[in-house]
């Protein structure tokens, strides 16, 4: 009987929480939400195969509970405010991007969040708004397999035409741990690889590739089947029972449509709050 | 080390193909579609925990291929015609029902099929149509967790008001074998349990409970995670690695949105053909 | 030159506000919302061709303004509470019905409102909820031309199966006055004729026809083209310039999609408040 | 009593058929579809306030009839083939753009057509397709009031990144004649002004502004209310009865949702045929 060679199965994971890191992490609890902050420097970046940058994770319980949800909006708004402040982006013009496929429930987090983002750029073009508002535009670029155009090309093209000061990108992520699904919001200034979680390599979306500050906000909504199976078997001396095509199967909670609706509400409300100072 | 007690994990499966039956099956190949027909009598019914009745299964390859898809429409139309003929339902009035949740991609097969069913009942109420058409009405009752009403109650209520001669019910099923997902159309006159595949027990929809002939057409679009895990482990003497909540996770192919679109096209086109004699 | 014979053009209107009534009306202003209450008795009913019963109209300004919108939610919640109280329906079980066509923007008010109604009937079937909640189920029956089934038959059928204590029916109305479009919420206990505003006669939905208290909540979202044309010409001695087919054209404000979203928010939030005592 | 000064009301119209032109027009009947071709040169362009270029109009009867619809697909495919051939665009790479608002039924023609456009650009990037296929990408840029970004900026940006050889742009138009609504397909190489029909001036989309051949395909789906009213009154010496805000009201046929579905089918099928030589 052979050991499974775990190294042969290279897992893509979008979540820094999926990796055990001994590095110094800042951790605190705010309104029952656990906040973890870590900076991944170049050395660590190579070691764990995650882009270097700042990672803020909000760990929460069941978001279908209204109290949890309101707490989450409060904490996310406050963390976004802090990040925008740190990066001198308060009041600056932004483009909010919702990655993903509106027709596939677990992948619809980005487009569904975009639906409720309040845009103001068209109003700023003709008049002056209240100083609480900043100029916000938005786009859901769709998916490569449908449009035939990479998200990168659409976003890069729009940036060149309308020159926003920074990007906020929302995407559904994949996790290697089923316990993290729909339980973590990850904010990072290191950018994102569209579709990376589901194994489709695309041009990265980042400050480096796009030329402007890029804040990515993601929530894991799926796990690859082969990841779960490997994980379940890791303590046993069993042969590799993985079928190759397991890589093409996704695992989601049954009630995913209901949860996505609540998660997209949390993201759109918090982003609107942070960009427009709608609440203190 | 303990053996896994498979009996403790009671799998619900909607597909007769998931069960090994030695009984006499009629099997033939038509336009590359494998057709399997089996009658489950009362004795067998108890043995395998499937309702007694006639089961027709169409086994096919990738439905995103246009030739496969057209073949499938031809074979399904012809099998439906034969069944309607056998049951003396040709030209009789029908209610076509699409079970499932339009907001959850793998569960949206029923509602998406209903979108393209051609209804004529409203026209028959005021005038006489061409004899090729039969009176057809349709409904997507939604899901219990959303409407607060069981599909059974909605359908039973409508039947009492409009008195159709028979029902056609479309539903996404769950399989115990990932190889069957999106690869089998199962037609049966034995009725259906809404949501049974995903573990939510509901009042059965059948000739017995509803009082009229009930033809159920289903396609497996998901597998429960715990089924897959158990299946993968069945040849190994390993401990039960299943987490309880695995029962709440569904496994679907990544490209499910695209496949559901094609499958719902096949079902609606074939049903329209059979009910309205749109093609010979 | 002939006078236009206005009597030959029989307008259907859904709004009591479209008719000049000298009868005693109770009128007051609450948070900038004008509330008008009138009882139409049998005599008046014949005279003006409106069903007898209680009519409560809320007249408001632009609902896309957030302050107007919040005021409207407050006043509508309070009027609904008062009506439920008067009719001894507080805490009783209800079925909320959204009439109309989700695919046609001005007619989608009912289905869009239903999307956000909080249902509890399925929870009450298995457990006891907090006393603030009442048992609520919901349905969007679709439109006759699509389903082939009259809304009446679907609703009547469901009532017989699940026995709610009362109905709340939401529908987009038509007005004869373009100034009323998207500016009035009409609540009545006299029931509703589905599709009446757009000239499609259907079985009435009322306490009389359905057997249980029926509260209809409607908002005019369209005007028939021929009504507007006639109205514009009424002071001139011109020939009848109306084309017959003008009766098949509807007039809506350009920004109807945006307004419907806000109006359906107001209705669903107020109904949820009133049925579940979510706010005081 | 004053005459109405028609000149003071400048109507925007998108249809060349709305204008009486005595110039030489090529006209023929093909499968019951009337085809009209006209070249507008610079002089005529100034006179009638329409951009210069080639205009091909297909005039047809009720598209909800299946025979009319199939005829229309045949004729449109053939006219598109001829135009692509003339302009040496056969086999060249294209970007298909659907302008308009998916949430507003009469304005959803563009996005709904895009839904069914077959894209291949992503496949060409990794492999060689059958020579019948050309490289096709697609985008629905959404509307300015929602995204805060002009369609021009999105399209221009994408063109710069992916360099298609030509554009096909689909848009719902407005007409000044209610008889033309849903009865004409207009193809032109002169470009389009997004939202012009409904009075919102935007940057033009044309070969001149975008740098590549731009074929616009439009169908009138609305008429402005004030246009209809003025039209009805033009033979009478009556005062201007137009209210200013009539400019904000649109007139559509009642059954617009059903017609848009059929029209978008005709457009997507014909464009797919022409770009991919799917039928001869």
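All chains are identified by letter, namely A, B, C and D, in their written order; residue positions are counted from 1 within each chain.
Just so it is clear, contacts are C-beta pairs under 8 Å (C-beta built on N, C-alpha and C of every residue); 3 or more make two chains touch, one makes a residue touch a chain.
Only a predicted model underlies this, so the values are computations on that prediction, with no experimental measurement involved.
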item	value
Interface residue identity across copies chain A, chain B - same or different by half	same
Contact-pair overlap exceeding half with A-D, pair selected from B-C, A-B or C-D	B-C
Chain centre separation in whole Å, for chain C relative to chain A (CA means)	42
Cα-centroid distance, chain C relative to chain D, in whole angstrom	36
Multi-partner residues of chain A (at least 2 other chains)	145
Footprint of chain D on chain C - complex, ascending	101, 103-105, 145, 178, 198, 225, 228-229, 232-233, 235-236, 238-239, 241-242, 248-258, 261
In the complex with chain D, residue positions of chain A that touch it	119-123, 135-140, 142, 144-149, 153-154, 156-162
